[in-house]
Amino acid sequence: MKKHAPTRFLALGLSAALLAGLLSGCRFGFASDPDDPNEVEEVEPIDTSVDTFEYDQSLSGTSITLLNSKAEIQTALVEMGEVFEEKSGVHVEVMPVTDGDSPYTKVVSLYNSGNPPTLSILDTTDVIALAEEKAADLSDQPWIQEAEGYTTQINGKVYSFPLCIEGRGIIYHKEVIEETLGETFDPSTIRTQDDFVALLDRLVAAGMEHPVSLAMEDWSLGAHHLQYIYETYDGTSDGAAECINRIKDGQLDLTTYDRMSQFLDMFDILKKYNVAYRDPLGADYDEMVIDLADGKTAFWFNGNWAWPNLAEADAEEDDEYGFLPYFLNNDPDDFVNQQIQASPSKQIMLDGIVATEKEQAAAKEFLNWIVFSEIGQQMLVKTCKIIPPFQNNPYEPSDPLSRDIYSRVHEGTAFNASAIVPNDHWSVLGAALQKYLADRSDRAELIDSIVAYWDEQQ
Amino acid sequence: MNNTTIGGNKRKLANALAMIGMIIIFIAYMFPFIMVVINSLKEKRDIITDPFSWLFTIKGLSFDNFVKAFTQMDFLNAFKNSLIVTVSATVLVTLLSAMLAYYIVRRNNIISKIAFALMVASMIIPFQAIMIPLVSIYGGTLNVLNHRITLIFMHTGFSMAMSVFMFHGFIKGNIPIALEEAAYIDGCTHRQTFFKIVFPLLKPIIATMVILNSLAFWNDYLLPSLVLTDKELLTLPLSTYSFYGTYSADYGTIMAGLLLCVIPILILYVILQKQIIGGVVSGAVK
Amino acid sequence: MKRKSGGKDFCGFALPGLFCFAAVVIVPFIYGIYLTLTDWNGVSTEKNFIGGANFLSVLKDSQFWSSLLLTFKYVVVVVVVVNILAFAIAYLLTRGFKGQNFFRAGFFTPNLIGGLVLGYIWQFVFSRVFVGIGEATGWELFGASWLSDPTLAFVALVIVSVWQLSGYMILIYVAGFMGLNKDVMEAASIDGATGWTKLRHIILPLMMSSITICLFLTLSRAFMVYDVNLSLTAGAPYGTTEMAAMHVYEKAFTSRQFGVGQAEALILFVIVAIISGIQVYLTKKREVDA
């Protein structure tokens, strides 16, 4: 029997340690500790005293489901559903899609199981793939007027509700730049690629050897970097679509297309000043967050969705972060050097096949409630921390990245272009750009793979 | 054994070397698990900047991750669901597969041969290939998704092939037919012979299969995620979803959640180890 | 079993298990085969019969064949290393030395870590611990993250798979060793069989059923490798470590070519079935009945 002692000790020890942790945690853990850096989620109060939204009483008691593919707002959506239920009597069950499952796979399997969600939060490409087959027509909904310019039309009809605006560019950390250079930094003085390089060189001279963080993930490279070549065609979604069609048809030669070479010029700059220059494919996303927050780097190419990560790395909401454009050339009048890209990203689609009329009506009420009720408006911005694509929403986002996008959208220094590309674009061409990033391929090979990719899509 | 000869000394040396080699390999095997334990007690920032640091030197050592995991997972309810599904499916598959394997070994007829061949072949079907057909049949046609019984049934079916394969090998290699013949002479029925004579002799392999199967059921994510959508029914792995973000994950909570999930399996393993040892067939037939 | 009452035995012993198995595995699989012959995209309500068109597309999918080639390389290495390692460790763990249960519990831990945590921990090992060692020692091998070099990322995949799979196989080999007839072993020792002779002529033949099982399991699992592939490298760097199963999944769901993905899964299945069929046939022949 003595023989078993070590094993038992191991198991007992482990269990005891964990249990002790639980118990002590239960006793002390729930009290909010002001010094605890773990608590990033400070809840902004929602004022529920004013509510002029008219609820349809006949829908009370209906139950709808919402498939959520935006993991970071899962708890916020649940909360929002609860408040909506309190007011309208409609129950909203929020179902998550987890990392590893793509939202599309999940929706497909749910449709196959005969139990699709009433509402699904999806990417625009997914909506386009599914809409005409499965979705309910939302073209007559009142919120459409408030979302002017942000709806997606498929053959003249609107099948989806734009949930949020997301923008991307070169994130800067103002305080770090100022401390390093010993002078004030005004982002509006950086107006061309050369200005940007000059700034980088000064930072290097001041001791910050590699001021840029550059993510190596294929979604960042394939979707967020490379899609600039379509989106900067003329700065509109239609232009992006035209650009793609011309590439497919062979009318637009990528070897001579100016945006292609300009894009690569900018990419080469980021590559050169990359903090992970020794091993660019070994860069770690979570480390980049901390590097930027701690001031090891001053720039990070990413979007406003990165804020929760920065907040976890102890960035505060009154810290000064913002976006620089993805400079493509040295013409200060070119819109790409003045504006950053911002467009609706996640879409909500309503099932028109399995959902009953009552469920559809309840789902439509929920969407209108988000746009028109005082509570829905507040919760979209304050609870979900989303930049609303609706003109009538008076609330402003609170974190610096979203604030920057928000004010740029309102000042007109953001361009709303989103390229609709096939779903595997980011993974296939992301891999091609990874190869380029690691210096394992040259411009010609990269362009060849882009051309080959579009050839296959015929 | 007599180790005083020169050969014995050599052997001692070889043993010592083997032992040292094993300790090194052992540490390498344990390393990831130790990392999980250490880092489950840290804040995310410390995990990323300093994942290696020993507990005592870290200011943020805390059980907060466990508290957070415990509450966010709705641990007790998820634990109950996992327990019901895992125990039922494990009992079911152990029993059914042992019987089926016994039939296949002792009845070498055409049905046995076909069934065994099919099962062996089925073990290499990629799950992705039957995922969509499976949900269309059970959801679209039969409409029985979102029930625990469906999940238990599916777990049983999916692990049947591998369990039969394991029992088959063990029965064929380790269970002497002479024992059963003796039982028949004593007037036992097939059922009695199986449950009174054969089943007890299967102890080591049963213990192994119980560990392997319950481990698989307990930790499975993909199948339950297809079958269960009702919040009340979610199993432990499904309930950790909220720790995963789109771009980055809440590593501390995930690791704490992982540990909370695996403690029962670890305990089960330690208990069953004795069974594996106690169940040696040695000397059953003299 | 005696020969009489065969039907009753079948119903009592074989039928319940067979039913579960057929209902969950065989029926959906056959339905899946049917789907490869249609143009169904996974969602639409219409399914048109298109014959072998999906299989023709598979022939043209060069990515699939190169991922298959890579998978072959991977399988050979993993199967050999896992089985030698697991066999040796299980052998040492069943010799009755003091504290062996403690060791067994340790070797069990790879089974406890799955999913994203597995990927995270090992990414950390390859891109941080190794690089740390490289900086401290100046060894070029550890100069950069293994995961950013195609060859080393492949090696990393093999290492993690070996770690994970051998943790599983040790359990089975341990059960096999514990089931060995002690009398035979003692008799062999008394007869003067030691070391290699004992291993080759006594232990190996008696362990053949465990070896059959473990070889088969490692073979099929290595061919189907998906979780480790996804969580550790996700095909990176630039798609060079994408194995067959991951490619199939990507094809069906990321590229949205459901029929082609399904057809590729079927082809993968046939290949693995043939190879493991041969393996089981060969090793089963060497098994000895007790």
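Quick notes
Letters A, B and C mark the chains as written, and numbering starts fresh at 1 in each.
Criterion: a contact is a pair of C-beta atoms (placed from the backbone, for glycine too) under 8 Å apart; a residue touches a chain by one contact, two chains touch by 3 or more.
Nothing here was measured: the structure is a model prediction, and the numbers come from that model.
Each chain's centre was taken as the mean of its CA atoms, and the one lying most distant from chain B is A. Contact analysis places B-C first among chain pairs (by count of C-beta pairs in contact).
The geometric centre of chain A is 37 Å away from that of chain C, both derived from CA atoms. Between chain B and chain C the centroid-to-centroid distance comes to 15 Å (mean Cα coordinates, whole Å). Our note on geometry: chain A versus chain B, Cα centroid distance of 38 Å, whole angstroms. Residue positions 132, 136, 221, 244, 249, 266, 270, 273 of chain B are each in touch with at least two other chains. For chain C, residues that reach two or more other chains under the stated contact definition are 42, 101, 104-105, 115-116, 128. Residues of chain A in contact with at least two other chains: 4, 7, 10-11, 99-100, 108, 112, 284. Those residues of chain B that touch chain A in the shared complex are 37, 41, 43-45, 48-49, 60, 62-64, 66-67, 70, 131-132, 135-136, 138-140, 143, 145-146, 221, 225-226, 229, 231, 241-242, 244-249, 259-260, 263, 266-267, 270, 273-274.
Within the complex formed with chain C, the residues of chain A that make contact are 3-4, 6-7, 9-11, 99-100, 102, 104-105, 108, 111-112, 129-130, 133-134, 216, 218, 278-282, 284, 422-424, 427-428, 431-432, 434-435, 438, 440. By the touch rule above, chain C contacts chain A in their complex via residues 42-45, 98-102, 104-105, 115-116, 123, 127-128, 131, 143-145, 147-148, 230, 234-239, 250, 253-256.
Against chain C, the residues of chain B that register as touching in their complex are 1, 18-19, 22, 25-26, 28-33, 35-36, 51-52, 92, 96-97, 99-100, 102-104, 106-107, 109, 111-112, 115, 118-130, 132-134, 136-137, 153-154, 156-158, 160-162, 164-166, 169-170, 172-176, 180, 184, 190-191, 194, 204-205, 207-208, 211-212, 215, 219, 221, 237, 244, 249, 251, 254-255, 258, 262, 265-266, 269-270, 273, 276-277, 279-283. Residue ranges of chain A in contact with chain B, taken from their complex: 4, 7-8, 10-11, 14-15, 18, 21-22, 24-26, 29-30, 36-38, 65, 70-72, 74-75, 93, 95-96, 98-101, 108-110, 112-115, 284-287, 289-290, 305-306, 308-309, 312-314.
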